[in-house]
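Should a chain be cited, it is by its letter among A, B, C and D, assigned in written order, with residues numbered from 1 in that chain.
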Amino acid sequence: MATTIKKVRRNVTLTLWEQSYVPEVLRGMFITLKHFFVNLRGLALELVTGDRRDRKISTIYYPEEPVIPPIAYRGRPVLVLGADGKEKCVACGLCEAACPPQCISIVGGERGDGERYPVRYTLDGTRCIFCGRCEEACPKEAIVMSDDWSGLCGYDRSKMIYEKENLLVPEARLARRMAFMRDKAFGKDRY
Amino acid sequence: MNWWETGGADSPVMARMKERFAGTSTLILTHAFKGDDTIVIQPADVSLVLGFLKCDPALAFDILMDVTAVDYLNDAQIHPYLLTMGARFEVVYHLYSEEKNHRIRVKAPLKAEEPDINSVVSLWPSADWFEREAWDLYGIVFRGHPNLKRILLYEKFVGHPLRKDYPKTKRQPLIGPVN
Amino acid sequence: MTAALVETALKIAFVFGLNLSVFAPILGWVERKQSAVMQDRIGANRADILGFTIIGLFHTMSDTIKLVFKEDFIPRGADRIMHTAAPALALIPALVAFTVIPFGGKYMLWGHQVNLVVADLDVGVLFVFAISSLAAYGVVLAGWSSNNNWSFLGGLRAAAQMFSYEVAMGLTIMGLVMYYQSLSLVTIVAKQDSLLHWGIVWHWPAFILYFTCAIAENKRTPFDAPEAESELVAGYFTEYSGMKFIMFWMAEFVEVVTIAALCVVMFFGGHHLPFITDAGLIDAFGGTGSAIANLLAMAIHIVTFILKVIVLIFFQMTIRWTLPRFRYDHVMALGWKMVLPASLIWIFIVAVALLTGAMPRL
Amino acid sequence: MTEQAKRNYDFHKEHHTELLTVNMGPSHPATHGTVKFMLALDGETIENIDVEVGYLHRGFEKECEAQMWNGVFPYTDRLDYLTSVLNNVGYAMTVEKLIGITTPERCQYIRVIMSELARIGAHYTTLAAGALELGALTAFIYFVEAREMVWDLIEATCGARLTHNYVRIGGLTGDLPDGFAGNVKSVFATCRKLWLDFDKLLTKNRIFLDRMRDVAAISAADAKAWGFTGPCLRAAGVPYDVRRAQPYLVYDRVDFEIPIGETGDNYDRFQVRMEELEQSMRIVEQCLTQIPDGPINVNNPEWRQPSKDLSSTNIEYMIHHFKTVMEGVHVPVGEVYQAVEGANGELGYYIVSNGSGHPVKMRVRPPCFPITSALPLLIKGRLIADLIPTFDMLNLIGGECDR
């Protein structure tokens, strides 16, 4: 398409009346006051009706009002605890290799039946950047970015190193995200 | 066939450069890998070549997009001329002509022992900070630069961190006031 | 004699109580909440006592408590005496100026005439200007004594700005003084007994000019070049903390109230209701002789006055949160090249109008 | 005074004055902790200025050289942290150029949409910050409000508000969410309303005009010589936009205008950005009508990791998946430079590969780096108050400038 060039409105000429500042002050005040009264009405309406939609201000009263992140949201990475009470992870080490800040370290082992599992799975919360590479790389849907963002900060770095026990979350609670990754983000029809 | 050989016809920029520097030893290699016109020049001729690129009306490279360096300490086999010249570094200039809408990449190989090259600050003032950065991170000396001092790192920093022999995990002592 | 003393003490208590314990803290809350709602935000509303938040009013208390218990910091190399005295020098003039502002009329209570002004000076207008120009010393000293380059620059800017606008501010009112033929604020108010006699009717250009000067004098946005936080960190009070910081803060708010009150007194009829004269109001409640009628009228008048003041404060707050900041040299240019000539021209116009009779004499 | 005396007259010596040296930054409200100015002041006038950058230097190139090709994406997020997707797109396109693969059409459209949303967010932030530093807090909040809504759209798609990490070599990490077009429509409607309010609050306001107009002007020739690109160059009257000059992705299929200024002063830079907001919104709207259905990833396990389904069931795909994750994508030997139009100007990537899983050289051409270097030229001899809008309109982003 042809390049079209648009000159910006540079030569804003001010009349003498506008140069006296007064009309602009009034116009600016009109705008801010418009916002003021619209919002005030919204807040008052909300007090009466108790309906959040009446509030014109989009601020959320966290934590009284819940914040629901979108399904694509990448929160704290967690390990999936299968329905059989065992972790799904097979300690293949793909997440460990894929992790850009190298915050994952795995010590693998074998169960009695020859099945591999992580003896230790350490995720260094001080290094994790929530990029989701581990989740992409995992071939077993064993590590998932949950929608949990609370409790990630603290005063003691040594408490931010999560062991396997702190990471395990039952599969049922992560099913939505796992399905999203399997069918939507990395679904068959995306290729 | 080498990776850079594309077998296509020369772009007007390359043709002009070849015509101008025919019969001299200035051009070491020219190629247009993936459509990026590239010339490799003798480091001693950098002012000449870049001055020509800027001032020639058919080329008119008026914007110096980028100046950087590359350290081929372990990867000299990528560019065989580095091996033959015994060079370790390469200073890379990316130029763009707003007027003609074309680009060129100019590369100048430098030896490890004396990595110095003429500054082009007098041609494009934007080279000032780019060259300081290349000095800071690679230790390339730009002769004639008005203010060649560290820019991203602090003055007391020892070494040039983007050189391949600078270990990634190396620590430098903390500086600054102690509370 | 005793009655006069009691009356004066009550009036002083009322004025200072109103300013320091009602207006100054609540203005902090108003500024926060009003700006928040204007900006599509909610504003501070979390401080609570036993679960009650009263839409954030307790934040004022918690702020005060926090600031009182903060470390009182004096930087190394600062002039300790001046550094300590400066906040007081900034706050006191702002409070003193309020003494000559009438917040009601004259009432007969049990045979004793009550004049609702702390000090009925014949030169009230001059007194206000004289006192408020003293506030500049506090600011300049604060900037100078902090031993900080940014404070120093802020102090310089403040000095230049405040003294320049002092000149213009005095002149903007002269037309009004000629119109009412008095320098006493009590007289000026007394003459505004009907809506047509309010200052704003004839003197609205003077109101715009005066208001501009007053805000500039108070160093609030758009004239906050001396404390421009993106340029000079915090200007002259960069090095202040705790109680001293809060004094600058209170000086600013008290000044906001003073400006609003002065505007009300000079341009908006003071305590007068728009269509009812003082005597008419007292008569409506049962005549001049009745103390109850006088008391009722007094209450209504004080409330009217305060309401008018609140409207003007709201107006100032809106301006503060609407406009960007002037550049320092533009502030000076505005003062010397626009406001000063304009007020001189206005004096001339008023003089001619009064002489020719185009503007009725009061 | 004779000519000779005039020449020898030294004001400072005669009046026993000296210049006041102040350190502005790195802990100064206007410098956001990322840059330091050494100012030599004569009263309020800046006699000399020394710009010091590097406070946010974190060894970007060194880190990237240690990463595998796909692991570089999170690092590019943190360059210009306001336009993470744009940085992702630029890097992905560079690697794809070196490999020689073309992404599916839908992927290209989504990349354009997300890039433009990121640009809108970045321009909102720049303009809002400009207003904030001039004391117009309300205007600041209005644009931040608009930006947050745009970022909500991005968050719903990318999974993060700031460090999106959305693009991969040969594809994307996810498709647009359901109902995206409708959300964009409603968000843009509100954004345009807020744009009008912002415009009315500032553009014709004389206080603002006086502070912006004819402050820190730069001629077109100077701007080019100093390496200006993006809005700052366009403000000087040079209609250079990578999206038009060397169209990439699907920019040649959408209709938009390039706003240019005349004198290259702060007001032009402000206006160019204001206009670009509208143009970017137009691009997004056009893309949303044109976007086809289809895949968003290259169906080649050598470059792009296969679908979750295949990588866990099909042994051949699984082996590829393991290899690309453990050893990295084996990008062929060579060097390329690819530029995209960032929010601040030409964002160029120059990469060198030796055929292994790691880059040999990973160079970013940061647009605001040369622009910041021209600050002394623009600001010498002006007032200290002029430094603030100038610095804002040049828009130094610490993450990108210092890398």
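The rule is short, and it goes like this: contacts are C-beta pairs under 8 Å (C-beta built on N, C-alpha and C of every residue); 3 or more make two chains touch, one makes a residue touch a chain.
Computed from a predicted structure; not experimentally measured.
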{"item": "Chains in simultaneous contact with chain B and chain D", "value": "none"}
{"item": "Farthest-lying chain, centroid of Cα atoms versus that of chain A", "value": "C"}
{"item": "Chain whose Cα centroid lies nearest the overall Cα centroid", "value": "D"}
{"item": "Most heavily contacting chain pair (counted by C-beta pairs in contact)", "value": "A-D"}
{"item": "Approximate Å spacing (C-alpha centroids) for the pair chain B, chain C", "value": "65"}
{"item": "Distance between chain centroids, defined by C-alpha means - chain C, chain D (Å)", "value": "46"}
{"item": "Gap in Å, rounded to a whole number, between the CA centres of chain C and chain A", "value": "48"}
{"item": "Mean-CA-position distance for chain D and chain A (Å)", "value": "22"}
{"item": "Residues within chain B bordering two or more other chains", "value": "none"}
{"item": "Numbers and ranges of chain D residues touching at least 2 other chains", "value": "138, 145, 201, 205, 207"}
{"item": "Sites on chain C at which at least two other chains make contact", "value": "38-41, 321-323"}
{"item": "Inter-chain touch pairs (all)", "value": "A-C, A-D, B-D, C-D"}
{"item": "Residue numbers on chain C that touch chain A, as the complex places them", "value": "34, 37-42, 208, 318-319, 321-323, 334, 338"}
{"item": "Touch list for chain A against partner chain C, complex", "value": "20-22, 25, 28-29, 31-33, 35-36, 39-40, 43, 56-59, 61"}
{"item": "Chain A - residues contacting chain D, complex", "value": "1, 3-10, 12, 14, 18-19, 21, 24, 27-28, 31-32, 35, 58, 69-74, 92-94, 97-98, 100-101, 129-133, 136-137, 139-141, 145, 181-182, 184-191"}
{"item": "Partner chain C, residues of chain D touching it in the complex", "value": "20, 22, 28-30, 41, 44, 131-139, 141-142, 145, 201-202, 205, 207-208, 210-211, 383-388"}
{"item": "Residues on chain D engaged by chain A in the complex (per definition of touch)", "value": "67-68, 70-75, 77, 138, 145, 148-149, 155-160, 163, 165, 171, 173-175, 177, 197, 200-201, 203-207, 209, 235, 239, 244, 252-263, 267-268, 271-272, 274-275, 295-299, 304-312, 318, 321-322, 325-326"}
